[in-house]
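Following this line, the structures themselves.
In the two assemblies presented below, subunit A is common to both, partnered first by subunit B and then by subunit C.
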Partner chain A sequence: MRPILLSGHERALTQVKYSPDGDIIFSVSKDHVVCAWFSHNGERLGTYHGHQGALWTVDVDPTSTLLATGGADNTMRLWKVETGELLMTWDFPTAVKRVEFSPDGRQLLGVTEKRSGHLGTIVVFDINPDPAAKQSKEHSLRIVCEDSKATVAGFSYLARYIIAGHEDGSVSQFDAKTGELLFNTQAHEEDMQVTDLQWSQDRTYFITASKDKTAKILAADSLEVLKTYTADTPLNSAAITPVKDYVILGGGQAAMDVTTTSARQGKFEARFYHKIFQEEIGRVRGHFGPLNYVAVHPAGTGYCSGGEDGYVRVHHFDKPYFDFMYEVEREYAQAQAQANL
Partner chain B sequence: MSRVAGRTDWAEEEDEDSLQLPQQTITKNKDGTETIVTYSIREDGKKVKTTRRIKKTTIKTIVNPRVAERKHWAKFGLEKGKPAGPQTDTTSVAENILFRPMAGWKATTEDKSEEAKKKNSLKDAKIKCRICSGDHWTTKCPFKDTMAPEGVDSAADMKDDVPETGALGGGGSSYVPPHLRGRGGAGEKMGGKFERDDLATLRVTNVSEFAEEQELRELFGRFGHVTRVFLAKDRETNRAKGFAFVSFADRSDAAKACEKMDGYGLHHLILRVEFAKKAN
Partner chain C sequence: QDLAKKNTANRQVVEARRRLLQEWLAWRESMIQMLKEEGAEIELNNGKVRTDHDGEVEEIE
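So, the complex of A and B:
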């Protein structure tokens, strides 16, 4: 496996995302610029200029025509993927920490920071998928998080729920139509921030990563914890791989402590766990700083990670990754093959 | 000076010659490859001929039309106007990473691979044991107490006459500290309880390279209690090197085994068994 190193950013990466077809990677970092890359060879397609502050988040719509970003300049912006043209800017009183499109691409949610008298909110906008159309200025839904601010959020299957992870380690479920809080569960340890929330392909379950050194898979309907993956370092990101039943966790020592530790102790590795058996099966190293985000190719053929070191590393999985099976899995596969004969 | 007009200086002449580079030639080979020969001048002024043999293969893949369309999008932003293909300032290829998922993975396996790396780096250093020709240091040899180093047999024979020369590492000329002199040089034997019975060790040669230690143990175990079997193996191929040492608890068992097993056919080879040479 020969990773491709993307060094277009000058500061720490905050999020990386694959387009739904997996051909383009979008990366945002604290250096105000959004980059688009071809995933197969690491060629940079272009950059999107306009943000005035560090960028926290990026997401692309299901047709790869619109790109949404949010940053510390208190704006959420909409871009045309093809040309880098800025289509729309929404202003907020505080920074935007997370944006995500709904599965149909007609809604866009943004999570805003809690600061200077403003409570953390989750806002939803209706989006017209046509890049030439005018986007609505007003939000269609606004959820105020009174208890603990939301750090991450996303739409479940059919955009039925909005699931949010909070600063206090809890995960809550909102009705995506009314914004009503349906359920809240303390999935992670008290006061251990939920740092990432990524969906399975069908969006019926999701994985959360937390500073409490664990990642958990929860069901979107019941918020029941289905699986727990325990690591030895605070986690910044977690992703579910399609095709093979693995999860990838990324994390490492907090960025502020990094200079005092060596790369070996820092645990700056992508950790692979078996999704079903919850057991660690391997690690991929390479970053010189904590991994801030890991994203998986939608076809399951590779993954990329963005690190505090300012690099994006794109990995294309090779044969051993696809061949690996637990003994029980292998037996099952054999039994299946025989039954088919 | 019978020179052609215009060429007045020999240095000039040379310059002109080096400027006339032959054209690039492309020849199609029978096996479908192309040979491209190009000429160029290196920085130090020397002419270089580069011959490249290229095989062109067309790989057809079916891609999503949307993806194919996006591949032809014009670059924008900082990349505007740049040619197709990855730019070296933003994109590079990192070193290869070996990633093999495995059940029961632990952080320690990572450390082991580090160790293996260290070993690999040492591999180039060509370590060769002077006792058994194995790939370890002579001091680490499992037979350092029982065997004489290769090629110093004569020195070993002489040790009764000149005990001072008996050396720790086996080299006849190495320095022996005064407190160890007169002990036959076997400083490392001072532990006493780890002293091995050199008398009951057999050297087995002409062993098949597919032989296993366990196999030898079973084979020799018939004659008595085998305390130790060492089969020299090649580090890279992990195949036997063709010789082994078998130690018995009892010398009479060893003698019996030596007699019976000498000439025994193991795999496709005939074993040669003899008593190991005694260490000095």
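So, the complex of A and C:
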């Protein structure tokens, strides 16, 4: 599994995303620039310029037409993927920490930062998928997080719920139409920030990563914790792999928080766990700093990680990855094959 | 005797995994059923939005 190194960013990566076809990787960094890369060879396809501060977040719509970004310049921006044209800028009183499109791409949410005088919010805008269309200036929904600010959020299946992860380690479920808080659960340890939230492909469940050194899978409708993955370092990101039942976790202690000088202490590895059995099955080294984000190719053929070291590492899975099976999985596969004869 | 103990332990581990796998598959099945009842096309298509070009057959007159 020889990685491709994407070097082009000058500062720490904050988020990386595959296009729905998996052919393009979008990356954002503290260096203010959005980059697009061909995932198969790592060639840089283009850059999107305009943001005036560190970028925290990026997402692409389900047709690979529109790109959304958010950053420390207190704006959320919409771009035309193909040309890099800036289509829309929404201004906020604080930084935008997370953006995400709804499953059909017709809504876009943004998570805004809390700062003196401003509570954290989740804002939703209706999106016209036509890049030539004028976009709405006004939000269609605004959720104010009174208790603990949201750090991450996204839309469930059918955009029925907005699920948010919070600074206090809890996870909330909101009605995505009314913004009403339906349920809040302390999924992670108290005051251990939820750092990432990524969906399964059908958005009936999601994985959260936390500073409490665990990642968890929760059901979108019940918010029941279905699975827990225990690591030995604070986690920044967690992703679910399609095709194989694995999850990939990324994190690591920042250099200034590490008390010893041993390289191992940093634990800058992507960790693979079996999604159903919750057992660690492998690690991939490479980064020289914490992994800030891991993203999986939509077809399950590879993954990429964005690091504090300023690099994106792209991995294409090889045969052993796909061949690996637990005894009981093999039993099940054989039974299925027999049933289909 | 040690070997017997080890085998029992292994059997228990395998049994636990078998149970986890069955539980998971049953839950997944219930979710897929729910999505079908809701007519969740995009979700049942692995999150992919079908575009106008998909499955379109060009007619030649």
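Following the convention adopted for this analysis, the second predicted complex is superposed on the first by the 329 of 341 C-alpha atoms of A that agree within 3 Å, B and C clash if a C-alpha of one lies under 4 Å from a C-alpha of the other, contacts with A are read in each partner's own complex, and residues count from 1 in each chain.
Just so we're on the same page, a residue touches a chain if its C-beta (ideal position, glycine included) is under 8 Å from a C-beta of that chain, and two chains touch if they have at least 3 such contacts.
Bear in mind the structure is a predicted one, so any value in this text is a computation, not a measurement.
Applying the stated contact rule after C-alpha superposition, one finds that A:E190 touches neither subunit B nor subunit C. In the superposed model, A:E138 lies in contact with neither subunit B nor subunit C. In the superposed pair of complexes, A:R283 makes contact with subunit B only, with no contact to subunit C. Once the two complexes are laid over each other on the shared chain, residue contacts for A:I24 go to subunit B alone; subunit C is not touched.
Judged by the number of subunit A residues each one touches, B leads among subunit B and subunit C.
Contacts of A:T83 after superposition: subunit B is touched, whereas subunit C is not reached. Once chain A of one complex is fitted onto chain A of the other, the partner contacts of A:R2 are limited to subunit B, with no touch recorded for subunit C. By the document's definition of touching, of the two partners only subunit B reaches A:F38; subunit C does not. In the superposition on chain A, A:H49 makes contact with subunit B only, while subunit C stays out of contact range. When the two complexes are superposed on chain A, the residues of subunit A that touch both subunit B and subunit C are 63, 326-327.
Across the interface of their complex, subunit A is touched by residues 14, 17-18, 20-21, 24-25, 27, 31-32, 34-35, 38, 40, 42-44, 46-49, 51 of subunit C. Those residues of subunit A lying in contact with subunit C across their complex are 20, 62-63, 103-105, 157-158, 199, 201-205, 219, 226, 242, 276-277, 298, 326-329, 331-332. Taken in their complex, subunit A has these residues touching subunit B: 1-8, 21, 23-24, 33, 37-38, 41-49, 63-64, 82-84, 232, 246, 272, 274, 279-286, 313, 315, 317-318, 320-321, 324, 326-327.
Against subunit A, the residues of subunit B that register as touching in their complex are 64, 66-67, 70-71, 73-80, 84-87, 89-107, 110.
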